[in-house]
Every structure is written in structure tokens, then in C-alpha cells.
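In this document, chain identifiers A, B, C and D correspond to the written order of the chains, with residue numbering beginning at 1 in each.
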Amino acid sequence: MAKLMQAVVKPHTAPGAEIREVQVPEFGRNDVLVGVRIASICGTDLHIYEWDRWAQARIHPPLIPGHEFCGEVVAFGEEVTTVKEGDFVSAEMHVACGKCLQCRTGEAHICQNVSIIGVDSNGAFAEYVVIPESNIWKLDPAIPQEYASILDPLGNAVHSVLAGEVVGKTVAITGCGPIGLFAIAVARAAGAAQVFAIEVNHHRRRIAAQMKADWVLDPASDDVPSAIFERTSGLGADIVLEMAGHPQAIRTAFDVVRRGGRISLLGLTSKPVSLNFSEDIIFKGITIQGINGRRMYQTWYEMTALLKAGKLDLRPAITDRIAMKDFSIAMERLKAGEASKILVYPNGTR
Amino acid sequence: MAKLMQAVVKPHTAPGAEIREVQVPEFGRNDVLVGVRIASICGTDLHIYEWDRWAQARIHPPLIPGHEFCGEVVAFGEEVTTVKEGDFVSAEMHVACGKCLQCRTGEAHICQNVSIIGVDSNGAFAEYVVIPESNIWKLDPAIPQEYASILDPLGNAVHSVLAGEVVGKTVAITGCGPIGLFAIAVARAAGAAQVFAIEVNHHRRRIAAQMKADWVLDPASDDVPSAIFERTSGLGADIVLEMAGHPQAIRTAFDVVRRGGRISLLGLTSKPVSLNFSEDIIFKGITIQGINGRRMYQTWYEMTALLKAGKLDLRPAITDRIAMKDFSIAMERLKAGEASKILVYPNGTR
Amino acid sequence: MAKLMQAVVKPHTAPGAEIREVQVPEFGRNDVLVGVRIASICGTDLHIYEWDRWAQARIHPPLIPGHEFCGEVVAFGEEVTTVKEGDFVSAEMHVACGKCLQCRTGEAHICQNVSIIGVDSNGAFAEYVVIPESNIWKLDPAIPQEYASILDPLGNAVHSVLAGEVVGKTVAITGCGPIGLFAIAVARAAGAAQVFAIEVNHHRRRIAAQMKADWVLDPASDDVPSAIFERTSGLGADIVLEMAGHPQAIRTAFDVVRRGGRISLLGLTSKPVSLNFSEDIIFKGITIQGINGRRMYQTWYEMTALLKAGKLDLRPAITDRIAMKDFSIAMERLKAGEASKILVYPNGTR
Amino acid sequence: MAKLMQAVVKPHTAPGAEIREVQVPEFGRNDVLVGVRIASICGTDLHIYEWDRWAQARIHPPLIPGHEFCGEVVAFGEEVTTVKEGDFVSAEMHVACGKCLQCRTGEAHICQNVSIIGVDSNGAFAEYVVIPESNIWKLDPAIPQEYASILDPLGNAVHSVLAGEVVGKTVAITGCGPIGLFAIAVARAAGAAQVFAIEVNHHRRRIAAQMKADWVLDPASDDVPSAIFERTSGLGADIVLEMAGHPQAIRTAFDVVRRGGRISLLGLTSKPVSLNFSEDIIFKGITIQGINGRRMYQTWYEMTALLKAGKLDLRPAITDRIAMKDFSIAMERLKAGEASKILVYPNGTR
């Protein structure tokens, strides 16, 4: 096996990243070394690239970013029992401690001591990545490789949609970044009666329509609440998935949710949000949930089953495929708001 | 309005039924008189017709049977506020007392004092039927009339399928009478990853395939447990919907359910069933549910939403359409096991 | 029976109220006339008395307020079947429409068309009050009369506490008005491992201690978060019941709830509240619930069972007992913050 | 540290056991060596001692039995991070694989590959026992040592009681072995309105009364269903905890559960049980659960919190305390049905 590999490296505490030749990482007794076939880009990677306030506070260069990927098992430590060479795998990149109350009661997705591969340690924008065996997710070869590389954000969508009952319900999704787009497909597969997609960016609205949202609305020109109330006999949406993190989208979420409905919050906010608790929450008797990561490993089983059964068509959301050497081009595409999910090929795009 | 109408009447405590001219029923202050457009036949109607032991204990002739139907509002009592003449409606035929603990805590489907229209009082195999306003279910004209006449058994299926989480799960259905067949469609719409239909009758198996069960098995010739374990990585089915009521089907249900799975029991049994509690239930940590009727009115909202959204294709299960005057022919078809759901037209099939 | 009765009347659109002789109310076919034995005073009654902004928008004088009471059945309409003369009763004063989606799916406490007796129509500060049969709650004579008159606010507490799992959990209650005080008793009865009561008013803190809160904290002088984290191994409270409606209390609620915990909001706010969604909700993966009224009639069964079993000692929270003619004195006591729950006796306190 | 220790050893495939001097067990990199302070005896240990059919099929002598205990950490492997010498601990003795679907979705108590310490490998009737770190449960020194030694069966009781809502409910417990007795205390602490204890053995009934069951019934002389229906307004028990495994007790469970109630099955049966599915399960709309082990580690947190808060008085169920050298006397006491929970002291009872 090679000793050196190509990787995207964030070298310094400053904007940008470089393609470099680095050591293939070493792995421990309980670890698996995976040869990365495809990695995909998350909004978080753009934050790291641009070195914004969040990144400055969290990231310690040098770092290889990247936390969405699929690949093949190349080698593993002596305690590993569940994989063999050549297995096709992805991974949960939130490494939970396994020892806190949350981890020990089925809530590892909100572990008190979580560490994220690709954020807190070297990740998947490289030819090889090291993953603890506990976090490896083996994949049926029937699952398309491209989908296998985006299980992390798909899992966010599955976790959000399935955080309550969905069958026969009206679902409104505010914000159609990749997770919002995936949520359209998941809500449909999970039996939602109608799905509203609400998004300001016209590229994203076009994709939302391709993902088969029943109604695609532009908050800049459409009267979103009226549109929803009209198509729900005046009730409002049973479920709102808030995936924008923008004050106006959040306002819409509370305006359109029906009495007794639920709002699942996933979109991260950068500013405080103001609510009228009496009118917005208490009199309506709604439930609000914070959604973080993916349920370990409930969400992974659910999404694998849906993919294997062919219930999810995610292709419209995959807009770009690039060779890893062109990583900075991908960053520009993302910044321009023209790309949705971008796949990165360490060894070139085929 | 006419004073007389045609109806199927069970006149005596003996097998059979007659088409007779009877009085159009009177209605009270809180009642709705509905002109029946289509009624459909349930296995229960065959029990009444054949005058079996159950019927002898429960039915008090003379009786107009029939508890699945749709029609139009013709008139109503002075306290009725939610319908108007011409409204297209169906109805929940279990009339709950509204006053027992179950009724007052959202469990009216297991009301202590339930009375069933078409069983305990005159039903829908007639030109007109009287329904309390509380039990009327108004329908969007977009819903096909034929489907509107089978909401009662469809509701049984919806109640069974949605009695727990379904998305991404493997569902096995033992017994493919109409409710079992409908459950195939509902499970698919609700996001089941794969649906196994298990049925001895080849007519029903053919329909199960048309309803798009992923796998249709004949317990007489197929090794059902092996087939299920093989396609679930040795786990077994997450959910078993037992809709046969036959000892062998029940045995299969317990054999194929996975550790921690659920068995929802709907098929009525005529004989005691023997189980090994330790092996069948306790060590596997499974949950068993008795399913009765439809949740009032949760199930009705769910099924209406699914129908309106076009998520259910029920046509293969509707095998016969007959004029009410030919009621006894329908009974013969049913006895022969050749028909599945039979629709009855009081005014002819047009 | 008498034709005239004494009542508290809000005569005009202005502050204050009067004791007047008025007609004993007439009742309809489905109604029950109850002779009020004890009525109790809610904060809402003070809003009506003082004619604040909320009252000006909602109340249409003349009105007899009062929505917490117990008494005896005196007479009833011809359709009433479940009570007889002399029955000891209280009532759910939220009259739900029974016809909206919420009512028909077990969520009548958030009915779209609710009307409140004592707010939207004449209430219980009178010798007699009329209640629809559906809302009457018959009481075991074993339940103390004083407790029977405060089932409405006790029900709010029961609904809040039991909106999720409680056994073995740490519960923090922000705000110890009567509902907060009752919640202490309910949380203890429901198996909470420890209960923190947080309240600025020292009268209320004294009562909170008498209700057997494990820890009583004064946010003006105690470091509330430190106190809670210290006694929960640094985890925080599993459950926060927010019953103050004050911005600072709400801030505390979000600060002390543990990752994956729940905040149940009952305290009405008069001003917007600002939150950092990412830190306060999403990363912590918490659930927030709006709590309104009482579950019909789940909550009533639960609270009756607890009372009948003698699991709740509510006496410390009942601070005053007055004759109805002294109603304005009660209002002053309440304004001064010295009284907690005040009982009103239409026929004198004996 | 000593190289040799005293232990109860099942030496051969035959009835009986011996006290022997054996090697102190070796421990691995992830293991903890615990000095046993108290171990307690389970019915399973009697099966092993008597070498019944179950034991013959499952047990491979030589074996040190014992799976309920508490003690102090004496030493540990180099990967262990969460304990230190002298820590007071107990342990979950079901060692789950951590890799099957059940383990990875919060259902490790029904792991497909579980191995039980004291059954499948050497256990706690010895001066020392080896436990994997993952299964160690650290205890607050405030928890009484005697209680710390019976967390395994107490956990069964907690798991059973808390498998559904309990507050304000009527709970019937069929069978008052130690787990049934503990369930009385747990149900009371969890807010049950009334608890019925049903047991044929008069020693056990006496203890059930000491555990403060509201009603203690002898099925040999009392009309159990009548007693329960009378004290539940004819409804029946909301919850039945079946802990006898005897056909008659199971019959009672189904007879007394109310419509919509739940039956949690824990008592292992040795013979098939016959049910009338229609009448016993379906029409009543009940839920039946198989209860196995303890939820890892939800149950452990719940029971620790209840113990620490002083909500459980378990003393009446601890009937005997013996030195380990008198193990066979304990077996006789158990066989005679005179003892309930017996504590075993490896180093004498002091």
C-alpha cells in the first residue's frame, strides 16, 4: 500500500485550502482504513474554507476536512470483526463517547463529548480516511455509489422527517439546500400527503420541483401562508421542517404550522430569533424539536432500507461532480449559489 | 321524497336474505338521511347471510345489513350543522357512546357500549340509510366513488398499518382478504421498504401481486419463514399484520416477526390459539396489538389524505359490481372465494 | 327553585365588578344546572377585574366570570343521561366544538372554536352555573370539596407534568403561582426524582417548600443554573415546566434544561422572547411544547385517580377562603401577591 | 492481591454445587475486576442448582453462577477510563454484542448475541468477578449496599412497570416473587393510583402487603376479577404485570385487563398457553409486551434516580442474609418457598 496520498488540506488559520501530498493516516486496533471513492461537500466545508467566525472558533489547522463519503475497506486493526477488505462502506462521522447519559440512553446524536471527523480531526477529502469500527456503515452494493457518498446529509433529512408521524400529513419545508431537498424525497417516501417547498433561490426551487415537491413557493413573490392554508382547508401544515436558519423562514414556520403541529428545527441561525410564546407556541399547543445529526443508528437503518428499496430519487440534488484537485472551483460554485450537492472524486471523476 | 325504498332484508332467524320494499327510515334531530349510491360487502355480511353461530348470537332480524357505503345527503335533523343537501359522504358505522372512559380518552374505537349500524340496527344495503351526524364523514368529490364505498375496511387496514412506525420497515401480511390487500397498498404508501403477502387462495395471491406486494407467498408451497429471513438479512419482519385469523397464519406471524418487532392482530379467530409465551413473546421482546375498527377519527383523516393525494391504488381488490337485486349472487361469489371486494348498487350498476 | 341568585358581575367595559342579584340561568336540552358550592379565583379573573389589554380585547360585559368550581347538580335538560340530582360535580370549562380536526383526533384542548365558560359566557362566581353535559365531571364524594373546586388549574399542572416521561427525572419549575405549586405535588406523585422550584416571591417560595419541592430557589439571590447542575452531575434538568411567562424565567428554562430534555411552556408571555435557536434548541436536541388547558378527558381521569388515591396534598396552596360578597377583597389580596389560591363561597364560608 | 479465592462452583452436569478454592479470574484490556461484597440469588440460580431441563440445555459446567451483585473495583485493564480503584459498583450482566440491529437501535436488552455472566460465563458467587467496562454501573455511595446487590431483578421490575404510562393507573401484578414484589414498590413510586398484588403463596402475600400493595389477593380463595372490577368502576386494570408464568395467572391477566389496557409479560412459562385471540386481544384492543432484561441503560438511570431519591423501600423483600459457605442452605430455603430475596456474602455476613 502507498505511504503517501493526495488530500485537501486547510494548512493555516486563514481562508483557503490546498491540495497536498500527505502521509496515509495510521490506524489503531479498533479502526478501519477506507479508500475514499467519493466525498461530498457540505456547507460546513465552505465555512471552513472561508474561515468564518464559526470556523475560527472551532477548527485547528492543519486539517483535512470532509465528512461525507463512501469508499472501500483497505485495512483494519486487530480488534475489528465486522468488516473485510473490499467492503463498500460509508460512516457516521460524529464519534460519540459512548459513556455519557445521552450515549447510554439511545441519544448518542446529542453526545456531550462528540468529536466530528473532518471537523475536529482529519476527514474524507483525501485518498484515505480512518474511521473507528463502531462508526463504519456497511452498504449493500445495490445502493448507488453517488448516494452512498451523501448519507450524512440524507441522514439529517431522514432524522428530521421521521422525528414524528408523517403518513397522510402536510409537510412544509422552509429552505431547500441539499438537506431540504432530500427532505422532500424522504417526506414523499414516508407517506406525506403533500409537500410544500419554500425557497428564495431559483436554482434550488427548480431542483425542489424536480424532487417532486407538490408545491414550490418563492417567499419573495408568493404569499406562502395563504398558499398553505388554502390547500389545507385553512388548517395549516401538520409538520414544518425549518432548514433555512433565516429569521424570515422561521417566522413562516410558526405562521403556517397548524394547532397541535410540530416544527423540527435543523437550520442553524447566526442571530437571535424573537417569538411571541403565547401566540406562537402555547395557544397553538405545538411541539418544537431541535434536530442534530442522525440517530445512531436508527436513522442509518431507515435510510438504507429506503435506498435499497428504491424509494428515494436524489439525483436532481447532485449538481456537480469534480476531481479533488479542483476543490477550490467547487467552493466557488457553492458560494455562487448555483450548485447544490457537489461530489468530489479523489482519483478523478472516473 | 319517496316513502318506500328497496332494501336487502334479513327477515328471519334463518339463512338467506330478501330484496323487499320497506319504509324509508325516519331520522332524529341529530341524524342525517343518506341516499346510498354504492354499498360494499364485508365478510360479516356473509356470516349474517349464512346465519352462522356468531350471527345467531348477535343479530336480531328483521335487519337491513350493510356497513360500508357512500352516498349523498338527502335530509337531516334540525340540530345538524355540518352537512348540506347533496354532500357526498360516507360514515363510521361504529356508533360510540361518547361517555365511557375509552370514548373520553381518544379510544372510541374500543367503546364499551358500541353499536354497529348494519349489525345492531338497519344498515346500508338499501336506497337510504340514517346516520348520526357525529359519524358522517364528508368526502372531497375528488375521491373516486368506488373508493368512498370501501372506507370502512380500508380504515381497518390503515389502523393496522399505522399502529406503529412503518417507514423503511419490512411488513409481512398474513391473509389477503380485502383488508389484507388494502394493507399492502397502505404499507407501501406509508414507506414500508418491502411488503410480503402470504395467502393460500390463488385468486387472492394474484390480486396481492397486482396491489404491488414485493413478495407474494403461498404457505402451502413456499417456505415462508425462510423467504422472509433470507430477504431481511436473517432478522425477520419488523411488522406482521395478522389478517387471516387462522391458526397456521398466526403461527407464521410469531415465527417471522423479528426480535423487538410488532404483531398487529386483526383477523378474528374461531378457535383458541396456543403460544409458547417464553419463546414467542418474552425472549423476543415483541409487542402484540389487538386492532379493532378504525381510530375515530384519526384513521379517517389519514385515509382521506392518502386517497386525496392519489397514494392508494385499490382497484385490483374491487372484483365485482352488482345491482342490489342480485345480492344473493354476490353471496355465492364470495362463498366460492373468487371475489374480493364486491360493490352493490341499490339503483343498478348503470 | 329560586328564580334569582347572587352573582359577581362585570357590568361595564371598565375596571371592577359588582355583587348583584340576577336571574338564575336557563338551561337547554343537553345542559346541567349546578348549584355552586365553591368557586376559586384564577389570575385570569384578576385580568378581567382590572380590565387590562387582554380583557378589553376578549371580554364582552356584562359577564359573570369564574371558571373553577364544584357544586351539586340541581336540574338538567331532557337529553341528559349521565347525572342525577345531587351529584357532586366539577366541569371542564373549555367548551370544544367537537367538529374540528383537533376535536376529532383527541386534541380538543386546542379546539379551533373553543368557548370558555366564565370568559366567553357566564361562569361560576354565582349561586348557579349552566354547563353542557359533555363537560360535566362527576366526582367521587371521597375527593375533598376544596380540591374539587380547583381541578381546572390542577389539570393545567397535570397536563404539563405528564406531557412526557417523569419517573426518576429531575424537574425544574420556573414560577410558583398556583399552577406551578400544584405541579410540584404532581411531579412528586408522578415519580420525579427531584423537584426544583424557582420563584422570586417569598410567599410563594414558602408555599413551594410546604408542597415539598426538594429545592426552592430564589433567582434574585441564588445561582439557579449552578444549583441545578451541581445536583444533576452537571447534566441539567430533564424537564423544565415554565410557568412564569417572564423573560428571565424563560432564559433560565433554556439554560438549565439538559441535552435531549423537554421544556413545557405554560406561562403566558406579554412580550416577545428572544432565543438563540442554534445553541438553545438545535445543538441540545431539546423538545419544547406549548401547553394549553387540560386534555379532554385524559387529564381529568389522571387527576381524579391521583386525588382519590390520596397522592396529592394541595392544602398549602389554598391560602384564602372568602364569602362571595367579599370578592373585591380577594382581588386586592391577589394583587398584593400575598395570596395563592383563593376559594370563593357563594353562600358564605360557613 | 490474592491469587486464589472462594467461589460457588457448579462442577458437573448434575444437581448441586460446591464451595471451592479457585483462581482469581484474569481480566482483559477493557475489563474491570470487582471484589464482590454481596451477591444475591435469582430463581435462575435454583434452576442451575437443581439441574432442570432448562439448565441442562444451557449451562456448561464447570461454572461459577451468580448474576446479581455489588462490590468494589479492585483492578482494571489498560483501556478502562471510567472507574478507579475502590469505586462502588454493580453491573448489567447481559453482555450485548453492540453490533446487531437491536444493539444499534437502543434495544440491546434483546441483543441477538447476548451472553450472560453467571450463566454463560463465570459469575458473582465468588470473591471476585470480571466485568467488561461497558457493563459496569457506578453507584452513589448513598445507595444502600443491600439494594445495590439486587439491581438486576429491580431493573426487571422497573423495565416492566415503565414499559408504558403509569401515573394515575390501576396496576395488577400476578405473581409476587422478588420481581413482582419490587414491581409493587416501583409502581407506587411511579404514580400508580392503586396496586393489586395477586399471589398464592402466603409468605409472599405477607411481604406484598409490607411492600404496600393497596390490595393483596389470594387466587385460591379470592374472586380476583370481581375484586378488581369492583375497585375500578367495572373497568378492569389499566396495566397487568404478569410475573408468575403460570397458566392460571396468565388467564387472570387477560380477564382483568381493561379494554385498551396493556399486559407486560415477564414470567417465563414452561408450557404452551391457550388464548382466544378475538375475545382476549382483538375486541379489547389491548397491547401485550414481552419484557426481557433491563433497558441498557435507560432502566439503570431510572432505578438509580429512584433509589437515590429514597422513593423505594425494598427491605421487606430481602428475607435472608447468608455467608457464601452456606449456599446450599439458601437453595433449600428457596425451594421451600419461604424465602424471597436471599443475599449471599462471600466473606461472611459480618
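One rule holds for everything that comes next: a contact is a pair of C-beta atoms (placed from the backbone, for glycine too) under 8 Å apart; a residue touches a chain by one contact, two chains touch by 3 or more.
Here the structure is a predicted model, which is why all the values come from computation and not from measurement.
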Note: among A-D, A-B or B-D, over half of the B-C contact pairs reappear in A-D
Return the chain pair with more inter-chain C-beta contacts, choosing between C-D and A-C.
A-C
Would you kindly tell me how far, in whole Å, the mean C-alpha position of chain C lies from that of chain A?
43
Between chain C and chain D, what distance separates the C-alpha centroids? Give it in angstrom.
41
Could you tell me which residues belong to chain A and also touch two or more other chains?
101, 301
So, in the complex, the side of chain C touching chain A is made of residues 101-102, 107, 109-110, 112, 235, 245, 250, 258-260, 265-266, 268-270, 272-278, 281-292
Contact footprint of chain B on chain A as seen in their complex:
162, 165-170, 189-191, 193-194, 214, 301-306, 308-309, 311
Given the complex, residues on chain A that touch chain D span 81-82, 98-99, 101, 104-106, 134, 296-298, 300-301
